[in-house]
Structures are given as C-alpha cells and as structure tokens.
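First, the structure itself, so that you have it in front of you.
Chain naming follows the written order as A, B, C and D, and within any one chain the residues start at number 1.
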C-alpha cells in the first residue's frame, strides 16, 4: 500500500467548534475532528477512496483518522487535522522554550488503514494515557 | 408562551458578540431558541440544556468507572491535593468569569501554585512578542468605523470567529466606511485557500513555516530595499504590490491567529508582524490585533496582570510571582515533569495539549472543573461539573480587543449545581484552614 | 549530590558569592527550594571544604547528577564554579564575573542577561543561550560564552555586547534584535538568522539553509577568527530594521559566511 | 468602631490653620470629633515628637485601567527580582514603575495617602478601571473619564450646544461611575486615529471641524453648567515638546473670564495637570530649557486655575497617556517598545518605557522644572505635588520629592552630581532657589489643596471635627533640625500610623487592616434631554461595537462600595 509524506497542520473548523460544544464524548465530535483533510492530488498519490480510514504517523506518535477531501484547497503536500485529540497524538510538543508546542508544520506519513477504527475523542485520550495504544 | 432575553453575550470566542437574543420559557428555566448567534454560539446555549448532562461531582475509580460525590467532598479533595503539592499547576481559566479567576488566584497564592491560562497553547507567543516590542492596536469599533485595509494573517475567521467579519472587519458600514465591504481591501496570508482567503482581494498562499521571512520581506519592501526574487514561495513583485496596498490605505489592521503563533518562529512571527505595523505608522495609520480564541482568555490575562503583573504562565511557588515561558509554562512544566498536582478549569488540555503533556496530567492527582465531559475530565481523578458562565450565571469577560463586557445569566443551572466561583470559594475557605490562614 | 530532588531544585545559592566566607557547615544551611518547599543545601548535597574569604578566591566543584538543578551559578560575580554534570535551566544566568565551567550540557536560559565573566559549556547548550530576559531590550552586555557542542534556538537575542562562540550547529533565530556583540558559529544554521538585527557581528563557518530577505550581499572580506585568517562573504542587514547613522554612514548588522 | 485619640502630635492642618502646634486628634465612627466626644476607652496613640496630618490626596495618577495593565503585562522586566511575597494581611506585590493593584493600595497607605484618583478612564473600558480599583485595597478611589476627543462632545460643541454637552457628560459620568471631566490633548487624539495630531489650540480636528480651543472652553462651560465637584481637568496639546510652554499659556488663557459655579467650595475652573511636561522652552533638545517661571507666574496671578507638578524622579519608568500621538513620537526618540490603543468614538492611549537618566541633560532639566514649579508657586493651595505616576516617575518616590522640596542641601547635592550640571543650571532656575517647603505648605500641596480642587474639602484633606478620619502620623519631629535630608525621605516613606475612615490600617509601616475602600463617583442630575438620549441610541446602533444596554450596565460586583456625590443641575 502507498505511503505519502505530508506537512501536517491543525486548526479550527466551524464543525469542530460546533461539535466541541455539542459534547466531546459524542460521535459528532469524532466526525468533525477525527479526520484529515487532503488535497486531491495527495489522494491520488495515496491511491484510496475518499472517507477511508488512514494511519497518520509522526516522530511523536500515531493515530487513525478518516481521510477527506479538503474544501479549503488546493494545498498539495499539506494535511489538515482539526485541532483536537486526534491531531495531538502526532503533533510536535517541542516549545523551543516559548511554552508553545509546534502544532503546525509537523512532517507525517499517511497510509491507508481501512480496517482500523477511528476512536471517540474521550476514549482516544483515555486509551493513550493508559498506554493501550 | 416564552420570553426573549436581549443583549446576551456569547460565551464562546474572543469576538464576544453581545447582541444575542435568547428565547426562554416563561418560568425562565429552559432555552427554546437563540437568535443572532453563529452556529457554534447557538450550540453552546442549546447544549447547556442537554438531557444527559452531568450535574454532580464524580470521582474516577481505578477501574475507570465513576462514583458520584457531593460538592463538599469535591472541594475537600481539591483543597487537599493543592495544599499538599510541592508544585501544583492550576490551568485553564479562559472559559470562566474574571470573578472566578480572581478567587482561583487567591487559592494559587495560598498554595503557592503555578497559574496558567489557555494562551499557553494559543496566543502566549503573541504575549511574548508584545513584551518584546509592544502592540499598536485599537478597539474593534475603530476597525468598523475607519479601516480600509484588512489583513488576516494565519487566521481563518470564517471558521474560528464566524461573526467577526460581519460585525467588525469586512462587511459592516461604519462612520468613515459607509460603503462597507466596498470601502475595504482584504489581504489574506495562509498556506491553504481558506474560506476567508476566498473573500480576499489578495491571497498570499505562503509556504508553511516561512511567515517570519515574508513579514521581514514586507519591511524591506516598505523601505524599497533589495529583495530576493522569491520569499516564502511568493514572488517579490507580488510582495511589493501588497506592501504598496498596505501603505496606501488610511487606516489598516492586521488580524493574526494560530497560523503564526503555533508555527515555527512563533513569537518572532508576531514580533515581526508588530514591527510591520509600527513601520506602516510612518506612512499611514495601522493597528494589529490577535484573534483571541476562548471568550475570556483575555480577561484571565488582565486579572493575572493587575494582581501579579504577568498575563499567563505565572509561577507563585516562592510566594511571589515569577514568569518565563519555557520554564513556568504549562506544556514545559508537564513535559519536563515539574508539577505534582494538576487543577483544570474552563478549558480542555486533554483535547488541546500534545498527548505527551496529557499523559503527565493523568499521572498525578488531578481535578477537572468543567460543565462538559471532556478528554480532560476523562483522565482526571475528579470531575466537577459546574454552571455555564454566560448562560446560567453572569460575570465579567474581556473581548479580544480587551474591552470588558459583563456576561448575562439567561437561565438557572440545574437544581443544586454550583458556579465556578461558588465552588472555588469552598475550596479557598478549606485551603485557608489547611494552611492555618483562616 | 546525595539526595536528588523528587521534582526540580532551585539552587541559586550555589555560587561563589553565597559561599564566600562560609564553612562547609554554614554552606549546608543555605536555602534552596523544591517547588514551594524550602530546604537546605545540605539536605541534597554533601558539602566538603571551606570557601575563601571572598567570592574571588572561592572555587566550587559540583559533582553528581545535577540534571534537575536550576539556577546554578546565577548572578555570580567572581570566583570559579565547576559543574561536572549537566545542570538544568538558568546555568550562569545574569552572571557578571568569574568563570563557570560545565562539563556536560546545559538546558535553556544559560547565561541570560549576562554582564561579564566566562561561561564555558563542554557539551550542548539549550535555547535562549546568552539571550535577554522576557521583555527586556538589554540582553547580554558583556562577558564570553563558549560552547563546544551545539546550541538551541534564540541564541543571543537582544545581544548588546560580549561574545558567544559555538563550535557546533545552532537552531533557528540567532542574534534576533541584536544591537551589538559578536557571535561565532563554527557549524551550520537552519536560518532565521539576524532577524531585526540593528548592529553587531555574526560569523558563520558552515551553511545557512534559508537566508533572511533583510540581508543583502555587501562584499567579500578577509577576516581573522581565532588566529586563523579566511575569506568570508559579507552580508549587511536587517535592511528592514531601523539603523543608526555614524558619520553619515548607516550602520548595519554584519553577517560573515566562510567561503 | 474603635475610638482613638492621637495625643500630643505636632499637627499640621491648613483647614483649621494649625501650623505644628501640639494637639490631640480624636476619632469616632469614622469621623474626626472633638476630644470630648470620645470615651475613656478610646485607644491612645502617643504622637509626642511626631508629625500629624490628614491622609494625603492623590489628584492625578495612572493606577487602574487598560493602559496601566497593558504596561504591567508588557513589562515583565519591570518586576524582575523585586516582587514581595505574601505577608500577613498583604497579598503578594509586584512591579516597580507599575505596581500590581495590591501593591498600589499598600504603598499609598504606607506613605499616608488615603484617597487617590485614576487620571484617565476610557469610558468604553470603565468596567476594567473599576475592577482594578476594587482590587486596590484600603484607599478610596475615583476615576476621571476622558472627554476631550469624544465624538458627542465635539459634535455638540461644534454648534456651541453647552446644555446638550452637559447632559451627555452627566449621562457618561453615570454610565461609567466617573468623577470628573478629563481632557487629554483635545482634538489631537481624534486626529491620531488618522495618524495626525493637533499641536496648537487652533489646529482644526480632522473631519469634526472644531479646534482644541473650542473643545476646552466648551467643556469648562459644561462643567460649570453642571456645577461638578472638580473642574475641567486638562492635559493640554503639545505635551513634552521643546517650546510647548506657549501652547500651555494659550490653554490657560482660555479660562479667563470664567468663574467657578458649584456648592463644593471649589474656586478653579481649570486644573492643569503634570505642568512640568508643559513648561518647556527652546526649539530643540539641544537648546531645551525651563519655562517654569513663565508658566507659574501666570498661574500665580489667576485664582481660577489649579495645577499639579508632575515631578520627574530620575528613575526608569513607564510612560502612559491618552495622548496617543505623543507616545508614538516618544517611541521614535527612544526606540523602546510601543503600545497603542485607539478607542472607538472616545479616545486613545499609548505606552512606552522611559529611563530618566541623571546623566542626560534633558532629563536633569525636566527634574529641575518640576521642583521649580512647586517652589515658585505663591499659593500652595493651588499647586499640588504629583509625579503623574508613572509618567515622570513612580508615586512611591513622593518621599524623595518631599526631601528635595524641603531641603536645599539635598537639591544641591543632586544638582552637583549631574553629569552636565553646568549646562543644567544654565538652562534652569533651580540652582538659584533656596526656598525650603514647610510642613504646613506640604500639607496644603498634598492634602487640603487637592481636596479643595476636587470639591472634597468638607470631607478629606483636613482634621476638622466632622471630616472623614483619614489621619497619618509620621516619625518626624519638626522641633529637631534636619541634619541629614535622608531623614525626611525615610520619615515620609513609612507612616508610623495611617487611619482610613477611622480604621487603623497601617502601624509602623505595616498593613494591619485592609480597611473599607470606597469608589467615589459623581451623580449629576440634569433635565430630561430626549435629543441627547436619541443621539446616544443612534451612535450605539450605528458605530459602537457594544450595545447601549451592555455599555450602561455596571453591575454591583464592579463597584461594591460606591460613594456617590450628588449634583443637581436641573435648575
């Protein structure tokens, strides 16, 4: 299966905002933030259908999210995961002694992981803290 | 029958819209509808009414199940872990009132804790930059009435601050901007073609992580100095063209967001953006403003400022305030394993901190004060649900331009629920006893 | 070091200025802090020997694992401090005199606000080496910092004087806002170097991945660094920043790169 | 409440004309009473060989609000290594040039100050100002909203509509819980919204087609129409520039022909603040010189004016003012960090750190000018001591200024140690002045005088039975000649006792009680004015970024202990 490297950024989306207020334990939040938005060209490279589960892996961790086509493109080479627990599994915690992690501009590898589930927000963090993933 | 509460303040983002109208039942107990709010704001009011809402404190058992407790038991546990700890961290504060923050600071001073707010992962680096070179800014009404040049740099209000563009920055007709959007030129700098960028007169699709270089190039362009052919993926002609557009306005403003504060160079990006603004004041009038996220993160910075002298990441362990992000900041304190107890209120580090820092919260005694179930409450030993500030209780908040607005109470909280301030007062009183200061 | 702290230890009292004129017993009584909990130096360290009558003739040797000790040698004004391990943040911070030698690495904020003296680090240095404290426009004013290994980001921010020499590589943002002083880098830089620089010199022997647009080519010059001569490309900047005039000439920051 | 009797102190009270005679001061239920009215149980304070005065009144300082806090927030280096830990009743304190709210209250009380006024409240930010005052312990406080660049004011005064201006002022004072009409760089700050300025009183204000002179005269008239306790309080145009004294004299002359109309015993119609910054001669920094004589001579001759000095203390400090264009000018001079806030329809503010170095000629001249004004003032009841905190220096330096004013020897020592002392002497009058301020004059300049100017003479600033029991006892014996001037600074730095509204709040320089601080504001009643109310409604609908209802709602939690001074202007 194909593996592509991307520059990962995270940030707000209106769906993320609504779902966050709606309850982070709920499926709506997973559907809003447990995703990665890819450019059409990167989808081609990855060689999979839209809305396929993928594994995103960085130097700092790994997470399963659903790959979606970006509505705010084109941005070839850039992957976008809305801010939240999913993005933070793989983000760069280095603050350069400023207190601020490097949430944006994280080199990641993306590969298809069709059979693996995207966890719910609260569940994901709990499992990660218990060392179960 | 139902009645309408007017001039309601939206306790979601730093835009702090204060023109909401909320329809409530005659008994004033239920919210039936919300007008003038964006989708997120409306959801915040409506979700507060959710049937499955947690209304009592609960302790997490070793097996991961929850056991209900009283607010007194919760206050006792909270006071105990804070009083016992050698270096407790009291984090959050951005989604609660200034009155609750003030009470929290008293607890922090009594227990000699570290106090930090969500600027730590939002605009903390902006604050560092402001401390380095200042901040020429203005209130949002000035933008509405005067601004003919609007720059959104690394921010996407269409998603993060949905009513910002209609209330203040792009569309409104002001005193000197009678033609509304027609009176204004819009420049957007973003590596993606965001929904905000789609509205722009000029979109500079910057190479991610090169904001510092591009901002520097603008300053060079103002002075008509030599430029390389390309900077951050933008041709120099386009840079000079945008620079002239900025200079030629009568009143301009740069709004910036996490696209620059969380990207490499961080505070330096803002530092250079402020320098750009300062330079532009040699040619015309220009301001710059951070797009603050949580509705009262600004208020937390203000209260910390007048009580302790620093806007976030305040270390009180020696009995007096100290400040140096990189040392006294939450992410570093957690990643470096410096704290032995964690208290969270009005924010969700579990969702918004890198997982390495969240794991540290899970390792130590911890309490999470939040109306919602969140990843933070999910990994805390104690979850204390409270009333929604700005929905079920009033209190002071500060808008992204530092303008204070008094949040309104719209409905009563569920029977027997406490507000942040009420719960913190219990904790403060207990801590005073434990510290022999009562 | 006999009992390492559970958290981190603030030991700004480990400095010739504090030790001067004290016996081992008195030194053991000096205050230290583990978070909000006060303690004594003797609770954590075994102390032998006596200090000289003044800081100048006091030499301190710190042995053992000091990875969790902050503020070693803070504000020292004279004497010698030898650290055999790798101390945490603020090593030699605000020092104004004397010599401090660290055998291992140092974490962030080493030598910030430095006014004088010599700070030598045989390992690697962290971020904000020889930088200014938050909000202060008066950064490193004097003294010398020498790093045998690599250094992190924000070296010499707001530097006004003194010298920093780094044998290895540096991370982003070097000499930001500098208004004086000299920094020598024997290794490479990823860039973002000399941003908002008003005055001062930076000499680099290795590569710069991305040059700041505010630096423009001036000329090629021969320089003598550590006694060895060589040809360097001379850039001036930051052309976007304000600059003083001296004798009608605009004074820029100088960036020299080895050819 | 505990009763007190302060025995055998040397009392200095201009209100009763007591000039250092030994007398007893009795305190009961928060008021000064006749000795006979306190019982045997009254706690006796032995003030033998000490100086007794009323609590001091701060007429002009920037101690609470958005620009003050911006200064705190953006200057971590202002606190490095100097913060004080929690101690007894005292919360932790931080900040040198801009102390935290806690430290501000404690420091004033420890120096014997019991009332202080925040000099510039941006109306849109009034909640913030009140929140900080609420967190400033012990001292009574009030705040002056700024009017000099307000759109309503400029539009009404363009058509000479004094009554409408007055009605609007009354509405705003009520909405913001403000105390007086403050004017800062009239018209110039509105011009600054376009990056411009008004440097003379005749420069037209862009778009609004009105001049600073018209704004100043109009606001004097509105102020007297309402009969407010304090007068129009002005920071004139052209602050801080060589030659600015001419603008200052032009401004002062605008008050000619106006007489105070009020029931509070106030006699002036204009208060000129931080006069030092407005008494500069020369055309540039090279030939910069003192024009204190020209300014104070005019003030001495005109009884309808009061001033405060704005003494430079020769410290590193933080400048902050609603004079936005000035701060932009200043950052161009010293290249230090610049903060600015333009406030919709109302005002602006700027903040820049500044170091008054004794080695810099201009700074030394500024130091001289401030002292000259105080020493050459003929009527100490009309010239008050301030540092325009923190602009010319932190208020915590008052004891040092008192030392310089009371001791020619201390001044001489200071002048001689200036790097350019010869140049400084030739550009100023200071070396030729041998006057030494008496304790009675000090009481006039820091107590009775400012109280009268503020329309508070019946309540504070004196020790007459019936007045608030704000009393301070200093370890200073007027019978013993001062050998070392430092004794003066030491004595006035830490009061032996401070009483606030009858509560013993400071003993031997330590806070023993956080008192019962009040917020003073002026509630002016005017005839119903539908036109003004309609204009207000329209401006909020169209131009403000906040709704009128949210602007007007100032909840109890902001002003927990208000003290309203009522004014009836309906006749």
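Please note the rule applied: contacts are C-beta pairs under 8 Å (C-beta built on N, C-alpha and C of every residue); 3 or more make two chains touch, one makes a residue touch a chain.
Keep in mind it's a predicted model, so treat the numbers as computed, not measured.
For the pairs C-D and B-C, the count of C-beta pairs in contact is higher at B-C. Taking the mean of each chain's C-alpha atoms, the chain closest to the overall C-alpha centroid is B. Separating the centre of subunit C from that of subunit D, both taken as means of CA atoms, is a distance of 44 Å.
Taking the mean of the C-alpha atoms as each chain's centre, subunit B and subunit D sit 35 Å apart. Rounded to whole angstrom, the centroid-to-centroid distance between subunit A and subunit B, based on C-alpha atoms, equals 22 Å. For subunit A, residues touching at least two other chains, in rising order: 96-97.
With touch defined as above, residues shared between interfaces to two or more other chains in subunit C number as follows: 108-109, 127-128, 133-135, 137, 172. Counting only residues that touch two or more partner chains, subunit B has 128, 131-132, 264, 316, 318-319, 323-327.
Taken as a graph of touching chains, this assembly has some other topology, since it is neither a line, a ring, a star nor fully connected. Pairs of chains in mutual contact: A-B, A-C, B-C, B-D, C-D. Those residues of subunit D that touch subunit B in the shared complex are 64, 66, 68-70, 72-76, 78-79, 83-86, 91-95, 98, 100-102, 124-125, 127-128, 131-132, 135, 192-195, 207, 328, 331, 337-345, 348, 351-352, 542-547, 549-550, 553-555, 557-558.
Within the complex formed with subunit A, the residues of subunit B that make contact are 12-13, 38-40, 43-44, 47, 50, 64, 120-121, 124-125, 128, 156, 158-160, 162, 191-195, 197, 205, 208-209, 258-259, 261-264, 266-267, 293, 313, 325-327, 329-332, 335, 348, 350-359, 362, 372-375, 377-379. Those residues of subunit C that touch subunit D in the complex are listed here as 133-138, 242.
Across the complex, subunit C is touched by residues 74-78, 80, 335-337 of subunit D.
On subunit B, the positions that touch subunit C within their shared complex are 85-87, 111-113, 128, 131-132, 210, 212-213, 216-220, 222-223, 225-228, 231, 264-265, 268, 271-272, 275, 279, 316-319, 323-327, 336-340.
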